[in-house]
Every structure is written in structure tokens, then in C-alpha cells.
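I've put the structures underneath this note.
What follows is a pair of complexes built around chain A, which joins chain B in one and chain C in the other.
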Partner chain A sequence: MHIVVAMRQLADLVEELEVNGDGTDIDRDFVKFVSNEWDEAALEEALTIKDESAASVTVVALDEPDVDQTLYAALAKGADRAVKLTGHDPSAWVRTRERAQRIASFLAHEEFDLVLTGVQAADDLDGQLAGILGSTLDIPHAAVVVGVELTGSSLRVAQELGGGLVGVSELELPAVLGVQAARQAPRYASITRIRQAMQTQKIEEQEVSLEVTTPQVTVRRLYPPEKQGGATMLTGSAKDVATEIVNILRSKGLV
Partner chain B sequence: MAIAVLVVGERVAGESPDVTFELLGRGRELADALSGELAVVVVNDLDEGAQFGIADVLYVVDGMDSASYSAPQWEAAIGAVIQRVSPQVVLVSTGTVGIDLAGALATKFNAPLASYVIDVTAQGDKLVVTSQLYGGKLLSEGEIDAFPAFVSVLPGSLPVEKGRAQGSPRVEHIDAGDQLRLSKGRGTELREPDTSGVDITSAALLVSVGRGIGSKENLELVAELAEAMKAPLSASRPVIDQGWLPKPHQVGKSGKKVKPTVYLAFGISGAPEHLEGMRSAETIIACNTDPSAPIFEVAHYGTTLDLFDLVPELTDIVGG
Partner chain C sequence: MLAIIETRKIFAGETEVAKIVFYVLALIVLVIFFVGVIRRLVVYNRGRRAPNFAWLRRRDPRDVPEVSERPTVPSSLVTIATNQTIIKTKHKVGVSHWLLFWGFIGLFLATSILSLDYDVLGNASRIITGHTYSFFQGPFYLAYNAVFDFAGLLALVGTVLLASRRWFSKEPQLDYTRAQKPESGYSRARIVIGDHVFVSGLLLILVTGLLIQGLRIDGEHFPSFEQWTWLGYLIGKGFAGLGVGAAAARAVHAWLWWVHVGLALAFVAYIPWSKAWHMLASPANLAVRDFSNVRRLPQPPADNAGYRSVDDLTPKELLGLDSCTKCGRCHVVCPARTGGAPLSPRDLILDLRQLADHKHGIPLLFDTETRPSPTGPMNEDGCLAGEVVVGETLWSCTTCMACVEICPVGIEHVPLIVQLRRTLVDQGAMDPTLQSALQNIATQGNSFGKSSRMRARWTKGLDFPIVDARTQHVEYLWFLGDFASFDERLMDISRTLATVLHANGISFGILFEEERNAGNDVRRVGEEGLFEMLVEQNMNAFAKASFDKIFTTDPHSFNTLRNEYPAFGLDRPVLHYSELLAKLLFTGKVAPGNLMRKVTYHDPCYLGRYNRIFEAPRAVISALGCDLVEMPRHGVNSFCCGAGGGRIWMDDSVLDERPSVNRIKEASTLDVDYFVVACPKDYAMFSDAVKTVGIEDKLKVVDIVELFAEATLSSALVDV
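Our next item is the complex of A and B:
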């Protein structure tokens, strides 16, 4: 069983996001990039499968800011191999349709049984990776996956359908899954383990040369939502604010 | 008349989700602007055509197993309908069914797709779409000038009542048997929601906590406040996925929809999937150290205080 986990970097949403000069993308020079949280869930699921069977796990990512950190962390957590795809501009926005084609081009030379990736990334304007990759490779796929069960050559997945309803289905292998949550919270790799991985393991680089033309949405402008002036901001010390909040609750007879 | 807009009905079990009617309402406007018909497709034969009165045509795909859900089968079925009727615009939601199908079908038909859409209009021979990116921190305004175009709309973005209308659209049955036989997946089971434990949907006050709490140990702090306020503790998805609280506590798209008198949110950013579950609370009070957190867009009162400073004060006043 060979599992490929497709991971990527994404702007850290907890930080301030500035829009660039021409107003159509985030200002990538000033953004902190971190690993996409749902890809971390996909990696965790792959490693859990590896823990219970003899699967091998390859992690693949496009060259993007600080991606080495993500790949070494994956190796430190137990992935067998890490591959970085080059051949595009690593400092630009690679849209999901193009990303899928680049990963498909890598997978064309790989034997794999399962591809796991995160259910979404916050800049998936052109759709989410799992379905696009599945369709590009012409293999089955499922998204919003919260359960993966592999028995021999069959795959059972559980998908959240909204409102708590869960759909269970069987897919033929190979397949692509967009993981929403792994069976457990993503494991942690200590700095020491990551340093060790950096010293003892190598990230493999592969160049993908590809003319990608997919029909896509043309972004006219990217902008922060106009403040609706919704929230009245409560200021002062913690005690002042707490008093105000409790007054609101009391006025409604709630406490 | 040609089909201008095809709405994908996303009902798997129970009633059609609200988002289907949001899509129908907007679909009607788009179809009129594009001078074509509005169609809706459902993949299991159901006797609720009457609800789809706003549409001109209802396509029913025959031969699907309606007791379960399978992504490849739905893709095959909807793909067969698109192939057959060649709509200009396909409307789906950014929910599970939409996430499963939209990217895959757009790729298959080599067509553009706009996702996370909160607004879509026709302007001349273009579609103009507004999408919510980066967890709601930025909006993208874009245009599409190639058809068919796929548009995936975030549930809760468009008016829903407009889409509900009595009436009887023309019903056409489509046999996707050939495509379904080739599909490499099948549904086996539908599991109903877990209804054990706490019921967060009936409380007048909810103390809700997000990833900002940092750890399971820290959760105790907010649990004490909830106890002092005699209110249930609810949470955003990461808190549940980390195993800090059981699933019945989850608010949002894949959790519960809540509508308390007051929703107190601590350390919750306000991602669209969370807002989907609580935006209709009567009063929302949010505590988040990030002044640009999207939660402040829906909150009525906000504070950028650190929750670790604010919560103990609240507990003090209420409990003491």
C-alpha cells in the first residue's frame, strides 16, 4: 500500500493579510506561510494507516514559501519520503486547477493506491483539490472525509453530509480523498525530531514542466469586506468589559 | 428554450437543504437574464416537485440508490444530466455534495468554476462572482466569460424564501444507468446524527469556545464560566476535532445550527462554516484578540481582550 499525501502552504489566517499593489492577490512578501491545516489531518490519517499496516507514505508539495519546514516535519512524524515539485513560480499564487495538474503529472510516474489531501484550502477559488485531482486522474474521489477504512483492496469512507448526517460508501482503489478530520488530532513533531530529519533525510526535488491552461475566474479585485459597523466594541479593563457583558446578559434575564 | 441554469438539488435524506432554495431563487434571476430556462436536478425520485415551482424543469435521475450517498455515483448522475441538457450555468453549494462534484465536473467539462461564492449576477455576457476567501478575511470579485460555468455558493449567502414556490415544473426522467454502472463507488449506509448528550440547540445562552483556548486543560476555565452562567458549553470544529469536547457540542456547518438569545464566542475567528451555524443568534458577543477577525462582522458586541483575562472576570461577577 502506497499512500501519497498532497500538502501545501497557505497564508497564516491568524496574521494580518494585506492586498498587493494591483489589488488582485495577497501581498506574498509580507505573509507568513504555514502548512494547510486540513493537509495536516490528511497526513495524520496516512500515518495512522501506516501505523496499523505496512503502508508507505510519500508526501508531495509544490515549492512554496517555507514548504521545506512542512516536508521535514512530515518526515519527522513518520513519512517515508518527501517530494518537492518545482517548475512554477514559487512566490506566486498557484491556483488549485493548476496545482492538480502538477500533482497529477508527478503521480503519472508513481504507483500509488491512495492520495490523501485536505478537504480545502482557504484560497481554493477554483474549487477544492481532491475532486479536481480525482477527475484529472480519472479515478474515484470523495471529499469531507471523516473516516477511512482500508481492508485489502477495498476502501470504505465516511463523509459528513451536513447537519450531522454521515454517508458511508465504498470506492475502488486508487482513489483521492479530501480529508476533513483524521481519527485523531494531528501528531506533534518536536523541534529536535525535525532537526534530526533535516540532518538525516533529504527532500527529493522533481521539476514539472507544464503548460497549464484551464478556464478560470479572472480576479478583478481582492479586498477586505467592508466593515458593516456591526459590532460595538467594548473597551476598558477586563473587569469593565466583563461588567458590561454581564449587564447585557442581565438585561435579557439570562443570568 | 435552452436551459440557462441548472441547480443541483443536494438532498441526500430528509428535506432538501435550504441552500437548494437559495440557488433556485438566484438561478431564476440568472436564467431570466440569460433568456433561458431554469432547471433543477434531483438524483432520487422524490415526491416534492411541488416545492420546486420556481423552476421550469425538474430532472429526475432514475436508478440511484436513495438509501445512501456515493460521490462517484452522484458525479456520474449529475454529469449525465449536464451532458444531456448543456446548461450555461451550473449552481451547486460549497457543502459536501458540492465539494464532491463541482471541481470534478468542472474539470471533466473543462469549464471554469468559482467556489466559496456569496454573490453571483449576470452582467452582459459575463458572470460576476464574489467569493469569500481566506476564511472570510478577504473577498474576491471576479468574472467568468466561458460557458458552461460552474458556481459553488456558500450556504447561507443568498435569500432562501425567493426560491420556494408552489407549482409544477415539467418533469423529465433521465436514465443514467450506463454511467452509473461504470462508476467506481457505491454508497453503503447513511448514519443519522448523534443526538446523545448535551442539546445546545434549545439553550437561551451559549458559552462557545474556539481554538483560541489553546488546550484541553485551558478549557476548564471556560467550563467554569459556563457552569456559573448555567449555560451549556458549545464549540467550533477544531475544539471537537482535537478531542477536547464531544461532537454534540459543535456549532456550524457540520455541527448544530443554534439560535440562542445570546451567543458568547471566545477565541473563535468566525470562519464561514462556523457562521453558518450561529449567525442568526439574537445577540452575538465575541472575544477575539485579532481586531480583523471575521467574527466581528456578525457580532453585535466585541472585545479584543485576551480571553484568559476576560473569562475569569466574568466568572467572578456571575459566580460571586
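Our next item is the complex of A and C:
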């Protein structure tokens, strides 16, 4: 059983994000990059399967800021191999279709049974990588996966559906899954282990050159939502604030 | 005419056969004793030796007295001789122990002198000269008896007092109920039996010894010189008074002597295989104790992230385990145990000792816990961290150091706990909240998970700029720590401190976004790699800045900067802001105030117990004109707020009562209006606790700098 986990970097959302000069992307120069939390869930699910059934796990990611950190952390947690795909501008915003194409061209030379990736990325909330990969590779795909169970050559997955329902489906292997949550919280890799991984393991680099890129959407404008109205902050002691609230409610005829 | 020689016959009524039996028994006993001693010494010697291992670390002139300084051997000998560590928190018990201690040393000396005279000198002289010499006569004999009867009396009084405490006292420290209760159940009946065997055995040996002395003198018709053997003489008179005549006395003496000798020999044989081993291990442990290990944690073992098996224990740790007397003092003061957490430092030591003895093939008489299934200390092949000692136990520790402080035999519990936690961290076995705090610290450099660029946001709203120590030289580099930088409630206090310092013309600056969590609690959680990374980052930031000294708001950061960073190259003095405030007052820069407030003060563990700063904050409080009323637990005995050692990042809802609530209840019994703190985490913990207790209108938590500002800046920052 060989599981490939596709991971990606994105701007740390605790940072104050700013729009760049063109107004088409965030300013990537001054933000810190971290790994996408749903990809971490996908990795955790892969490692849990490995713990249960001696699978081997490969993590693959496009070259993006601080991606080495993420790949070494994955190795420290128990992944067997880490691959970094190059051949694109590492400081630019790679849209999901192109990302899928690049990962698919890596997978074309791999023997794999299962591809796991996060259901979506916390920045563009696109949610399409698993779907596009599935269709590009012509293998089954399921999104918003919250549980994975291996049953011989097929796979049983639980998906979160609308209205709080959970649907269980069966897929033929190989398959690609967009993971919403792993069975357990992502494990912790201590800094010592990460540093050990840096000393003892290597990240493979593979250049991917795309002959034809599929049509992409172009971003015309990126902007923070315009402020509408806004809240009035009441200040003063708890007593003053309470009186003020009562006054407002009265004046609106609510009490 | 026969001159009266003041002496007595050794082996008075005993036959030659009896003598031989005695010597054979004594020989067997000595063999059993020395086999036990040697096996234990071999075990210690085989302990894991870190590269810089030494039984007695070289004293370094840079060490801070009472903080990182190792006690000198002569001072340890005084500590041992005076039983000071036993007396300091429990006077009656300590004095009883002192009586027993010196009484038995006296009796041991007495027996040794006798053996020297009779067995060594007597035999040697007979073989060499054909004539048996003895100094056990005349004035020496009289003085010997007078002095050692006194030792006997001391031992008797001490032993009776201690034995009756064992028999009748209901004190919580003598209750062996575990803090962590295994599902399978457990029994500590054998441990209780061990205690009784030990103390009652001692008492029996003493009593039979004194009785045979009395019987002998009675049997010899009270020779007048035996009045020097005053205690035996009195007891003999007692027998005579009860109508025991000389012949009867001799008859009883004949068999009681065997009882006494049998018990004494059995006891000697029993020493290295039981609780009695503490008689030798504890003083040795006191002599090599080095509490700098608590302030400046040791490295993990070379081949593992943390401790996994008894093979990881160092010689000193193995000796420490053997020194535990189960006095239970640590069990009582532990804030985790008090709050209902499954941790008792005593149980931790006992579990590890039982397992270590078992693994080393040393049968421990009585002193073991039994369980129906092989868990805990009976889990021979289990990992020490997580299996032998369960994870929740290890995670409950606040690293408050109260156990180390109170332990009469100098055991260092905290470094052991951290070494075990390191294994749990390596396995990723931790609270999810702790995990995310560590991840935040690794990525953002602070536990709040906020952007490091927000670190100096608290400076907004000040009407003067804060100097960037990276661009301008300052006298003091202010290291705020995460809470003082990011916690909304504490940012106000940071601004107050900045205002006070600015108003007094102190040259200070900060590192802005480059300050990282100092790593004190990260290290105590057991995340050594992250700690090292933080040290690197902070040291890089220090290198960019220009300053003479550092002061911190947070006592935790203070501890690691002061005691641990020097090993990574920090060579500047480190102060706590309470010391800086004291300096302002005592160099006459600031006039004392007249606040007339009734306050109590909470010693933060990492400022007080860890770094021995008790006076500076108290001096500030009184100079500001406040009336300081001490809580029962203050100074070295201060009670932890429950936030230390990374506990602040873990779930507290499992506790019966948070330590901070326990503490506020203690303060609420005093007639004070203010609860003064000198630590940001304390402010956060106790502000919550007064609400929990529901006395926020009666007891107000204030930071010491708020009082300072009110008294010296005449701005009413604190209102009742």
C-alpha cells in the first residue's frame, strides 16, 4: 500500500495580510508561510493507516515558501519519503488547476494506491484539488472525507454531507480523497525529531515542466471586504454599559 | 586481696557454644549486610553517566548562593548532623528524629568500641603476646557507661515519640492512599507493615538492650561502680523493686540477651534490603544534592529524547530514589495533589524505586505496592513515561518546586518529571491544547498564536515612544514574556510599568517583534528542541541589541534567562522588575508612599523558591506604605498558582479545586483588601480565582507596579 499525501503552504492567517501593489494577490514578501491545516489532517489519516497496515507514505508539495519545514515535519511524524516539485515560480500564487496538473504529472510516474489531500486550503477555499486530480488521473474521488477504512482492495469512506448527514461510500483503489478531518488530531512532531529528520533524511526534488497549461482563471481584483456600518463599542463601567444597552433596546422599541 | 576492677565480663553468662553461635550469626549477618550494600553501590555506579557527571559538581564562582550554588560538603555535614531539613518544617518530628539519630549513633559507637576492645585488641594481643589486653575497664569503663547510657536514653525518647506517631497519628502525610488510582486497584499494606517493622524493631532492640543492662546489674548484686551505668542501674533497681532477685535476673538475662542480640543482628541484615537503607542513603543524598539541577534542567540522555527505562537514571537519581523515607511531606504540599490531580511526588518516587529495585534484582522487604495486574511499578517492561508512570500524572506537575524544597533528604523530583515528560513529548502524547500552544510557539514565537508583529502592540496608547534596543543603546533590556505582551488584561500593567520607568528616567528598551517566548515552560513541558530553538532566536535578537542588563516581567522567563541562558552564552545580569522597583525606592530616586493599604503578597514559585527573591517585593510593598499581612504559606513555602511548567496551556477542568482557588481561599481568611502579585501569569490566574470564589469585591488582585504607580505617580490606577 502506497499512500501519497499532497500538501501545500499558505500564508499564516494570524498575520495581518495585505494586498499587493497590483491588487491581484496578497503581499507575499512579509508574511510567514505555514502548511494548510486540512493537509495536516490528510497526512494524519495517512499515518494512521500506516500505523494500522504497514503502508508507505510519500508526501508531495510544490516548492513554496517554508515548504521544507512542512516536509521535514511530515518525515519526522513518520512519512517515508518527501518530494518537492519545482519548475514554477515558488513565490507566486499557483491556482488549483495548475497545482493539480503538476501533482498529476508527478503521480504519472508513481505506483500508488491512494492519494490524500486536504478538502480545501484555508486561503483560497477552492476545494477542488482532489476532484481535479481524480478526473485527471481518471480514478474515483470523494470530497469532505471524515473517515477512511481499508477493506481489501477497496476503500470505505465516510463523507460529511449537507444537513449534518454522513454518507458512507465504497471506492475502488486507487482513489483520491479530499480529507476534512482525520480520525484523530494531527500528531505532534517535536522540534528535536524535525531537526533529526533534517540531518538524516533528504527531500527529493523533481522538476515538473508543463507543455500545455490548462486554462486558468485570472484574478482581476483582490480586496478586503468593504466596511458596512460597523458596530458601536460601548465603553465605561459594566453598569454604564448595561444602562446604555437598555436605552438602545428601549429606543428601538424592543423592550 | 583482690583489687576491684571496674568492668564487666563480655559474654557474661554465655557458654563457649553460645559464643560460637553468636560469632557465626554475626558473620552471616555481616555478609548479608555487605552483599546488600555492595549491590546497591554497584547499581548506583552503573547508572547513566552524562558526560559531565560528577558526584560533586565543581562549584562555580558565578553560581548564585542558594540558587545555582551547590552546598559545600561541610555545610551538608552540618545539615545532616543537625537534622535541619527534618526539623525545619516539622519541629516535633524533627527533634524526635534528632534524638533517635544521635542516640543510635552513640549506641553504634558503643558497640564498635566494645568490639574493638574485645574482638580486635583482645584477640590480637592474645595471639601476639599470649596475654589478653583490654581497655574496657577502670575509668574508661565508667565513662563509657555513663555516656552511652545517655545515648540510650536519647534514642529511647526519640524512638518512642516517632513510633507513637506512626501508631496513632492521623496526619495526611502518613496516609498511603495513592493520588493516581489504578483501575485494577492496589494495596500498600506491605509498605505500612514495613514502616511498623522498622520503627517497632528499633524500639524493641532498645528496650531489650536497656532491660538486659538492668538485669545484669541486678544479677551482679549492684556493684557500686555500676552507678556510673546510671540508666541500667536504675532499671536494675526497678527490677529489684519488683522483687526480681539476682538469680531470677540472671536467668531472665540469659534468654533476653539472645532476644536482644537476635533482633539487633536481624536489623543489621535488614538494613540494605528495606526502608532502613535510608539511614545510609539519605545522608549521602543530602551530601551530593545540587538543586541547580532544578533551576537549570539537565540535558536529555544522549540516545533518547527522554527517560524510558531505569537504565536512563543517573547514579544520583538512583541514590535519590533510595533515600526517600516516605515522610509524605512532598505529598502534602504538592499543589497538583492538593487540587485532586493524579500526581503525588511521593508516589512517583516510590513507584520508580520499586521498579528500579525489581529491575536490578534487589528484593525490597515489605516496602512494595502490590497490584492484581502488572501495571504501574509492577509493569516490568513498560516505558517509564506513560506506562509505569501514567501520562496524566506527569502532565499534572506545575514544576513549582515545593516538593524539592520540603524534601528532608534532598530528592530532586522536578528534573525527573521533566525527563519523563520529554519522552511523552517525543511520542506526541499530550493535551491538544498544549500541542497547539507548542505549535504556536514554534511558528509564531508566542503561545497566543498571534503574529510576532503584534508583540509590541501593547505600547500603543503610551504618550512616549518605547526605545527599540536594536537601534539605540539602553541600560535595561526589558524582556516582557508572552502574557505581558499579548494578554489584554496584562497589557495595561505593562503600560503602567513602562510609565513608571519612563517617569523615573530609566533607560530601557524592548526587542519588539524579535522577542520570542523565553522557553522556561517549554523546557519544563519537555520540549527540549523547541527550547533550544527559542534560545537561539532570542540570543540572535540579543546580539542585535545594545544593552547592559536585562529585566523581565515574567518570573518564568527570569528563571531561564538567569539560570539557563548563560550556558548558551548570555553574559548580562538579569533582574526581575520587582528588584528594579525596589532599587528605585532605595536609591532615593522615588520617595516612599503612604498608601495605607492592607495587603498580602503571593510569592511566585519561579521568583521565590526558584530564585530566592523574597525581600525585594516585600520591601517595595512596605516602602509604599502598605501593611503586609503574610499568608500562612509564604516565602519558601508559598503555594503555587497552578500555572507553571506548562500547566497554563493544559486543561484544568479535571481538577477538584484549582490551586489558584485554594490560594485565594487562604488569602480570604486574612484581614486584607489586596492580593499583590509580581507575575503576569499570577495576575491572570488569581483574577479568575477571586471570581470563582466570588469575592472579587472584597479582595482585589493587583500587580505590585500598580501599587507603585498609584503611590508615586499620584494617579489613582487602583480603586477599591
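Throughout what follows, the second predicted complex is superposed on the first by the 224 of 255 C-alpha atoms of A that agree within 3 Å, B and C clash if a C-alpha of one lies under 4 Å from a C-alpha of the other, contacts with A are read in each partner's own complex, and residues count from 1 in each chain.
Simple rule for what comes next: a contact is a pair of C-beta atoms (placed from the backbone, for glycine too) under 8 Å apart; a residue touches a chain by one contact, two chains touch by 3 or more.
Since the structure is predicted, the reported quantities are computational estimates derived from the model, not experimental observations.
S.K.: Have a look at where A:Val14 lands relative to chain B and chain C in the superposition and call it first, second, both or neither.
M.R.: Both partners, chain B and chain C.
S.K.: Output check: A:Ile248 vs chain B and chain C. Expected answer is one of first, second, both, neither. What do you get?
M.R.: A:Ile248 sits against chain B, while chain C stays out of touch.
S.K.: Check whether chain B or chain C contacts more residues of chain A in the superposed model.
M.R.: B
S.K.: Of the two partner chains, chain B (first) and chain C (second), which one does A:Arg99 touch, if any: first, second, both, or neither?
M.R.: In the superposition, A:Arg99 touches no partner, neither chain B nor chain C.
S.K.: Applying the document's definition of touch, where does A:Arg221 land relative to chain B and chain C: first, second, both, or neither?
M.R.: The answer is first: A:Arg221 touches chain B but not chain C.
S.K.: Quick check on the superposed pair: does A:Arg195 touch chain B, chain C, both, or neither? Answer first, second, both or neither.
M.R.: A:Arg195 contacts chain C only, not chain B.
S.K.: Just to be sure I read the superposition right, which of the two partners does A:Lys32 touch: chain B = first, chain C = second, or both, or neither?
M.R.: The second partner, chain C, only.
S.K.: With both complexes overlaid on chain A, does A:Ala185 touch chain B (first), chain C (second), both or neither?
M.R.: In the superposition, A:Ala185 contacts both chain B and chain C.
S.K.: Quick check on the output: what are the common chain A residues between the chain B footprint and the chain C footprint?
M.R.: Residues 14, 16, 185, which sit in both footprints.
S.K.: Spell out the part of chain A that touches chain C in their complex, as residue ranges.
M.R.: 12, 14-16, 32, 34, 185, 187-195
S.K.: In the complex of these two chains, what residues of chain A are touching chain B?
M.R.: Residues 11, 13-14, 16-17, 19, 26, 41, 96-97, 100, 119-120, 122-132, 134-136, 139-144, 156, 158-172, 175, 178, 180-181, 184-185, 214-225, 227-228, 230-235, 238-239, 241-246, 248-249, 252, 254-255.
S.K.: Looking at the complex, which residues from chain B come into contact with chain A?
M.R.: It is residues 12-14, 17, 68-72, 95-97, 99-108, 110-116, 129, 131, 133-146, 150, 152, 183-194, 204-205, 229-231, 241-243, 247, 253-257, 261-262, 264, 269, 283, 285-286, 290, 292, 294, 296-305, 309-310, 312-314, 316-318 of chain B that touch chain A.
S.K.: Which residues of chain C touch chain A in the complex?
M.R.: 305, 425-426, 428, 430, 432, 435, 438-439, 442-444, 449-451, 453, 527-530, 532-533
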